[in-house]
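For reference, the structures are reproduced in the following blocks.
Each of the two complexes below includes chain A, the first together with chain B, the second together with chain C.
Here is the complex of A and B:
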């Protein structure tokens, strides 16, 4: 058992931190030296170092975005940009640190279900500490590893796609990630291979004042399919942490990628993530995006429908409790003809929580026979909560059918009355209604995640009435 | 000196003399207001599509204010055409022509007999300063550079005051016009409705058909008292080279009701704010409109439904057809204050895109801070449905006629909300002309 694993067998509870056992960390704050130190520590090729330093320049030049959530609380000089935990990456369940096993249990994934995952990856702070993939998939040529390994062992595929969907100068936080990225998943599915059960990654911030900047790159070759699931948590520290990931998906002709996220960061994490997919001819990309945790989330999974007949789906659910701001949404950019997209967003605000749906639909002039549907519903649970909707639609093609509908309302007194008159207490009735409200989202999750999500919601809803 | 050099921070020199003259000839609060407005305007950069979210989709970098002068006097043929238009829609209406050299008023005796004031805004400042001050308080001096410029520069304008419990027996038709290439005008309509009164108002912005480049910086302010009712029509039919920037703002007291209908047909570029502030409990606003964009027109509508008191209701429906290389931009906000419980608000924007090259952007936003509300929005963009076309053609209607019928039917749904039948009929006939391919940016003048 590694040093880390022994350390981590101490009591672990969700929301409490493990002993900090990092063996290497950069200085607080960001400078070209820190960027170079990360690259050097990872023994990266020259092009990646240049990529990082270029990204660092973009990061310095770009102003902070002012149009979304309040980000004034982030102190970029007070963050560790790279923290490497002790212990090597392990490949056997027995070697997995007990704490991670416990965490999986906390997530409610029973042992039996766990066996049915095609592959699992777990990232602690900046590095992936556990990684496994089923042998049969590996034999078919499926690659599932952390991004650093991807760069080292599959340099050609990696370099061909890395940074092509989200260039380093895309936005301020993509630039930051590009400069200091570490860990994340690299998935490659060869042509025709259908990975029929999900690949899973699990991300955790353990160190205080830590920034986690994982990078995920998924490539599905022609006619292949894959479902990737990620979960995120962090312990509660008194000071804030920053999570700023970049996720790039490429779905080639007739391929299908589904990307599911259940984000349950502790409520002192700024979660500023850029997620974007390219869907080629007749490909399908689905983002299933659940935001329950964090202090502030800004995340708008995007799909660029580049090939004829491509289809995009975004299913978003957000819950903002006291002090939280979930600024989430979706973007579908229709470049090619006969493309379709569907966006469904459900959000709930409670206490001083605030949910914002921010969406962008764009149809380019040559994209004819396009169909788009957007549906946003928000529930406000009390007088202090707030909900906003900012959908942007730019249509430059005459041959489109676009519908957008949004509603904001409170939990219906009639619904509560109907349930309480049948002997269900008011708290439970509200929780039932909330569960029903999230139903379109929950039903798309694998069963174990659905069970867990309902449980998390029930916890969040405790004491929300009265 | 007029400066037209690139890189000049503001275009202040263009209107410097006009503004200083107005400041010098005003007294008391108005002088202070004009001075503050002018100072703000000269200190403020012009809105930029690079910098300002409101202007992101509407580019006015080609508007060179410094090249404009104040409007030439409009000639009698134009006034005659305006009169004819009023006669066509609402022959009984009092007429106010807000155009250089000075505001003229016709046919207002019946209203005057009931104690209703219909005058130029200039005259109202002299005769009813307290009333004007009260109405103007609704708009900040320097909310934006165009509002600041308006506050410094308005001159003739229209003022309408309806005393308590009086119903205006006939509508008031306010026509705002200008003439001459590179002419600037600052249309003004200021309306004060006392408690339990009512008024039907038409704001009609128009110029002669042609390529004269005009600049219109317009403001309508309406303060509607308790239980009072305002039916407000806004027709925009400027000539094809006109820049039209406008704010139409209505403030509703308790149980007050606004019905507003807008028809946007003219101008090269429009940015119009349609705002209703529901300040009193029980206030209601029903806003609807049609817009038809053609050639290279850029038509921007930005709405605000601000619910600031409980039990308030608002509805907004804007239907837009664009063809050629026209671009429509709609953005709207339903803003619900924490105390505005039991708000019921809905906004919808439906776009029909008739040709390649035409575009429609739609951004209907919601910001809700009360929880016991019903709010929503809907936005659609689409083209002529092949099934509908087929259905009509199968009955022997030509393809062109079928398309015209479909577009007309699409817009008719909003036109049905127009409060005044005569005005609705006028707008309907203008839409028919537009669909026939006739020029409706500006009005055709007949005469000597």
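Here is the complex of A and C:
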């Protein structure tokens, strides 16, 4: 939506707009014509069209990955690759499943927010808040907009970095995203600027916040710092069965980026995300990544430690309910000397749910004085729950200290009894144990997310015992 | 009978002919025991006599299967209730080996337990009470934010148990070998904590095989459990006798003879000495 159109509809009582603008949607399935149509519809420069088409070719050639979760349920011909974000028109509240509505009720999510979360409204009613934040950011020279706007209004910075961390030929789903991407965030923080409030995708209005193929690019210049938060704990209802995002982070010398994600997709969704960061000299990159929901998630936030003294953290939590498979993990690639990384993974499987930790550590020959710590713990709630670990280590430098610890445990009868012996009922006891298990993750979240996540876990625990 | 004494009478623990198995092995073979409200009773006996089994069974641990007999507290049938319902009735088990719950802080745990028992209080009152109780048990302030029993030493765990008791104010506390693994100072602190709470509002069943803790707790009655049965009961002097002579005179061949002939044990012991 153009700035002009936004002005025109600003006074509309419900904040809805574009009532008579027809929705633009490409035909089902993917072809060079569809890719070109997307680019044309967005009025993109030539280079982006070429980029998309090249990515499309690569996607065609690349076989489906078979090393991870079962992806055989994906039908690429049965997907709309581009739907113009059309606010409330895309779906009516009546279409949202009862179970999702009930969860909103029980989580106490405000009405306006519910519609946004359910994909009924693309706009979260926070225009005023957003404007104030945007003014403050602008004074600092910080750019925070959706990726399409980034390409249009900040072409030089955008082009310099776009696709440099994750090239289209990286993997099949990065190629797919590169061909059909839309939405996502573009963040640029100038040298020395410390953004002291977390930037939340929430505040980025009039864009399709949780697009199927969103693309996020964050650049932190020398000595700057920023915390970006996307997603939310409430179930994100989607009728689309495939979500494939690409997130690229660049932390220059002495910069710090923290990227926090909480995703709770509805259980029909294949969530296949490529996230990668480059950390230059003494830079710090932290991925805080929580995955709930979805049918299958494959996501391994990566950090390339390219400059001496760079530090990487990947802190992840996954919850797999019945029928769900969370295949998540981390990659830390130590290219430079004196680099350190810390990976902490916690996962919970309930019912027939399955969690996998898949990690890749690589240390290049010249990277000396490297310290790596990996800890992954899995908790199984039922007899049929499943968890597995695939830690790959590829260490070519002799001067490396690696700590690796992995545990799989069950909610102990003795733990439950201890809590119930104090008057707490079995459901709440299990919820306490489960929340406690996620505590190292939860304590890194902003307060409102932490509270919501704990409530959500408590709801997920109901009926799990007795 | 006054109202107060009626309420007190209602908080009696009455166990009759209780037999209990663990994984098909019979551990308790007909336990009879009565702890009237407001009294302190000691349950003594050598290792393996079934003391902890009785404690767990009364508290409702699912691993213990009651095969016959009854247990009532305040007139309510304990055996028909889940562990949490028993706790809400006022039963408290002070664990011999408290379980760690990583990620759950002492503060959050205490609040959850108080809420579950309908004893919630305003945050400020809660914190001030918690601080007071911690100070009197010589528990460092840092424990508020520590995960319950996670990485606690043996003595710290026992003190944390008494702290929970002090916060929850149960009507009956069962102390399962709370004295084991405590040094003299810790034992005194813990015992003082219990003594302070024991009285008309809280009766105590203290399980131990060393009489030492009883010097502080001063039981009204002492029972000896042996091979799954209460073989004798008496006043505090029974603990003194065990201190002097050990369990052998009670549980050894002489005692077996007494049990067989249905004569009073004290009589048999006196006879044997003569």
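Everything that follows uses one rule, which is that the second predicted complex is superposed on the first by the 378 of 466 C-alpha atoms of A that agree within 3 Å, B and C clash if a C-alpha of one lies under 4 Å from a C-alpha of the other, contacts with A are read in each partner's own complex, and residues count from 1 in each chain.
As a working rule, a contact is a pair of C-beta atoms (placed from the backbone, for glycine too) under 8 Å apart; a residue touches a chain by one contact, two chains touch by 3 or more.
All values derive from a computational prediction rather than experimental measurement.
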| item | value |
| --- | --- |
| Fit-or-clash call for chain B and chain C when the two complexes are aligned on chain A | fit |
| Touching partner for A:399 - first (chain B), second (chain C), both, neither | first |
| Partner chain in contact with A:389 - chain B first, chain C second, else both or neither | first |
| Superposed model, angle subtended at chain A by chain C and chain B (C-alpha, nearest 10 degrees) | 70 |
| Partner chain(s) touched by A:426 [first = chain B, second = chain C, both, neither] | second |
| Contacts of A:63 with chain B and chain C, given as first, second, both or neither | neither |
| Partner chain in contact with A:408 - chain B first, chain C second, else both or neither | first |
| Touch count on chain A, higher of chain B and chain C | B |
| Overlay on shared chain A, then closest C-alpha pair between chain B and chain C (Å) | 15 |
| Residues of chain A that touch chain B when the two form their complex | 67, 363, 365, 378, 380-383, 385-410 |
| Chain A residues within the chain C interface of the complex | 412-415, 417-426, 428-429, 432-433, 435-440 |
| Contact footprint of chain A on chain B as seen in their complex | 53, 338, 341, 351, 353-383 |
| Contacting residues of chain C [partner chain A, same complex] | 59-63, 82-84, 86-88, 92-93, 95, 98-99, 101-104, 108-109, 112-113, 116-117, 147, 164, 168 |
